[in-house]
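First subunit A sits with subunit B, and in the next complex the same chain sits with subunit C.
Let's turn to the complex of A and B:
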């Protein structure tokens, strides 16, 4: 069973919840899909054993033969190629690596090479968490290319916990799309509710069942609860707004380390989700 | 000399558009004959690289100078590949911009004066 942990609003506690889930069941695969800012490793402290470079193909242009590369420039949907007279100015960060410029450009004058855009790292956290994370290189915008590599490494025979990137755009869709169930973490504030509603819309479109965990319970107002009640959305758990929990977090410790009572709560949530998923 | 000016409209009374890549129109003014033509900026609605495309088109029109409110780093890089003169921070009507250019009242810009995506309102 694959459980993703997502949130429209950033900083609501996705990693807190995902790490607590993984530590509660002890044996699972954990994947940090937030490749632009991965941080679950700070809490799970995996022993990284393998690092794979992720590359994409990018063109380079053999200028100097007096040939025009205007066809490449005209073709490129992302305006990554500017061709002026016989010169080419290539904007690497705009290139999506489609290879079109090689096909339409002067024969043999546009070649391809591998450009590193980031890494995926594999490790282990005792007693039984297989850890996987993606890390996009600063400056690269190819978030989903790294996530594609993570997706290929999903262990479908085990429980999998996916820590998603914040927001509701492509990178979030990539992270949740393989999951059997998505836990949406929110906070009881107007901002939290606004982004929760957007996330719910995305999940409904993807036909992924979901439940809500409210973090920092005690702040804000009760609109999130009212919304969930009137829309028949299950609230799986409330985590109180507690300075002691924050202190543990700041030291790289999880909810489970804070109080082992949380472990039972998360095990129960997983049982509950498993029942719901198996019915469908 | 041929000058490319980012413009909010199609006449000399239009204003210099504060954005280069995502301006509404470009006016190509010939200072020798005091004539001009204009074209719509088709790049303004592209997802990315509007400045690159617009700069390339301006260079294809064989202009010697470009005048705009602001030019971002990518368009700037394209312009720097040729020896054309770049003037940014210009506002007011196209007519007054031309007058300033003729009176040598404009200062050439050596570096982009806004960040990427400036013209997208970010």
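Let's turn to the complex of A and C:
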């Protein structure tokens, strides 16, 4: 069973929940899909055993042979190649590495080299969490390319917990789309509710069942609860607003470290989800 | 004209709280929300829309003609977006990067790149100033393109209305929409918090601002929840020659005002609001120098 933990709004507690779930069941695969700002490793403290560089191929242009590269510049959908006379200006940060310029350019005059866009790291946290994360290199925009590598490494025979990136765009969809169930974490404020409604839209389109965890319960207002009640959305858990929890979090300690009573609650949530998923 | 973007790396550190306050405190300003897939600034600015336009996003590959299953597109697609299926090829739209290689190599012209409507953008009036914002369709490509579009409109609006400052609320992360919101701005304000996650993400976004050569300032939000980590952030900033404009205390008044959709600096009893006003005064000396 694959459970993803997502949230439209950032900083509502995705990683807090995902880490608590993993620590509660102890044996699972954990994947941090928030490759732009990965944080789960700070809480799970895995022993990293493998680091794989993720690269894409980018072109370089042999301009000394008097050939024109206008065809490359005309073809490039990312405006990464500007050809003036026989010279080329190449904008590396715009290039997606599609290889189109090799196909359309003068034969033999466009070559390629590997450019690093990030890393995949694999590790282990006792007693039984297989840890996997992606880390996008600052300056690169290839978020979904790193996530694509993570997707290939999903262990479908294991329980899998996926920590998603914030937002409701393609990188969030990449993270949730393999899951059997998605936990949406929100906070009871107008910002939290606004972004929750958009996330629910995404999950409905993808036909992924979901439930809600309300974090920082006690702040804001009760609009999130009203919305969930009138739309028949299950609230799986409320985590109180507690500055002591925030202090634990700030040091890289999990909810389970704060109070081991949380462990049972998360085990119950997983049981509940498992029942719902198996019915479907 | 100056442009300033508020970013953070980590989500939920207080970008919109700061952005809305700066917007309220500034004069001759345009407000812009570049967090297009989880836009929140409008909640505080209560805009009335004057103009709505469709956003046509990146064109995705689609099979529109007769596929002879030669396999060329699958072989040459670098994004693994194309796979073989029963009587046709299958295109994974999430993996498709709109490069056009499949369209180019297809011997029967069966594949076309088709632009799709992926959201809307708006020019609005608010009680404070003009406001440019957008809504990306749920699950759509978080296109830097939409962010760039929004910013272009804001720039035109600023010139046409003789405004001298554009204040941009950015998205979390360090990816394409964040980079698009930073492109060519004068300053960035990085909002961080003294948590290990906040620090880790702050360092990554700071790398991005260095990569694109943009001058940044730092604000530490909820600085008093972990004074040791706050000290570490200040040390990092002084080692890297980044000015910390201010440290905002943990304040329950922030979510309270948020629940009434009020901008925090309007609550004179809020300590956080008071500190944000001081931060603005410091920032102003750079913006109007």
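A few comments on the model shown:
Following the convention adopted for this analysis, the second predicted complex is superposed on the first by the 280 of 280 C-alpha atoms of A that agree within 3 Å, B and C clash if a C-alpha of one lies under 4 Å from a C-alpha of the other, contacts with A are read in each partner's own complex, and residues count from 1 in each chain.
The definition used in the following text is that contacts are C-beta pairs under 8 Å (C-beta built on N, C-alpha and C of every residue); 3 or more make two chains touch, one makes a residue touch a chain.
The shown structure was predicted, so the numbers you read here are calculated from the model rather than taken from an experiment.
In the superposed model, A:83 makes contact with subunit B only, not with subunit C.
Once chain A of one complex is fitted onto chain A of the other, the partner contacts of A:139 are limited to subunit C, with no touch recorded for subunit B.
Of the two partner chains, neither subunit B nor subunit C is touched by A:242. Of the two partner chains placed around the shared chain by superposition, neither subunit B nor subunit C is touched by A:257.
Applying the stated contact rule after C-alpha superposition, one finds that A:180 touches neither subunit B nor subunit C. Comparing subunit B with subunit C, the partner in contact with more residues of subunit A is C.
By the touch criterion stated above, A:91 is placed in contact with subunit B alone, subunit C being left untouched. Shared interface residues of subunit A, touching subunit B in one complex and subunit C in the other, are 78. Residues 8-12, 15, 34, 36-39, 42, 56-57, 75, 77-78, 93, 96-100, 103-104, 136, 138-139, 141, 143-145, 148, 165-174, 177, 187-191, 194-195, 198-199, 201-202, 205-206, 216, 219-221, 243, 246-247, 249-252 of subunit A touch subunit C in their complex. Across the complex, subunit A meets subunit B through its residues 73, 78-80, 82-85, 87, 89, 91, 94.
For subunit C in complex with subunit A, the touching residues are 8-13, 16, 35-40, 43, 76, 78-80, 94-95, 97-101, 104-105, 113, 136, 138-142, 144, 171-179, 193-198, 200-201, 204-205, 207-208, 211-212, 222, 225-226, 229, 250, 252, 255-256, 258-259, 261.
Of all residues in subunit B, only 43, 46-50, 52-53, 55-56, 59-60, 74, 77-78, 81-82 touch subunit A in the complex they form.
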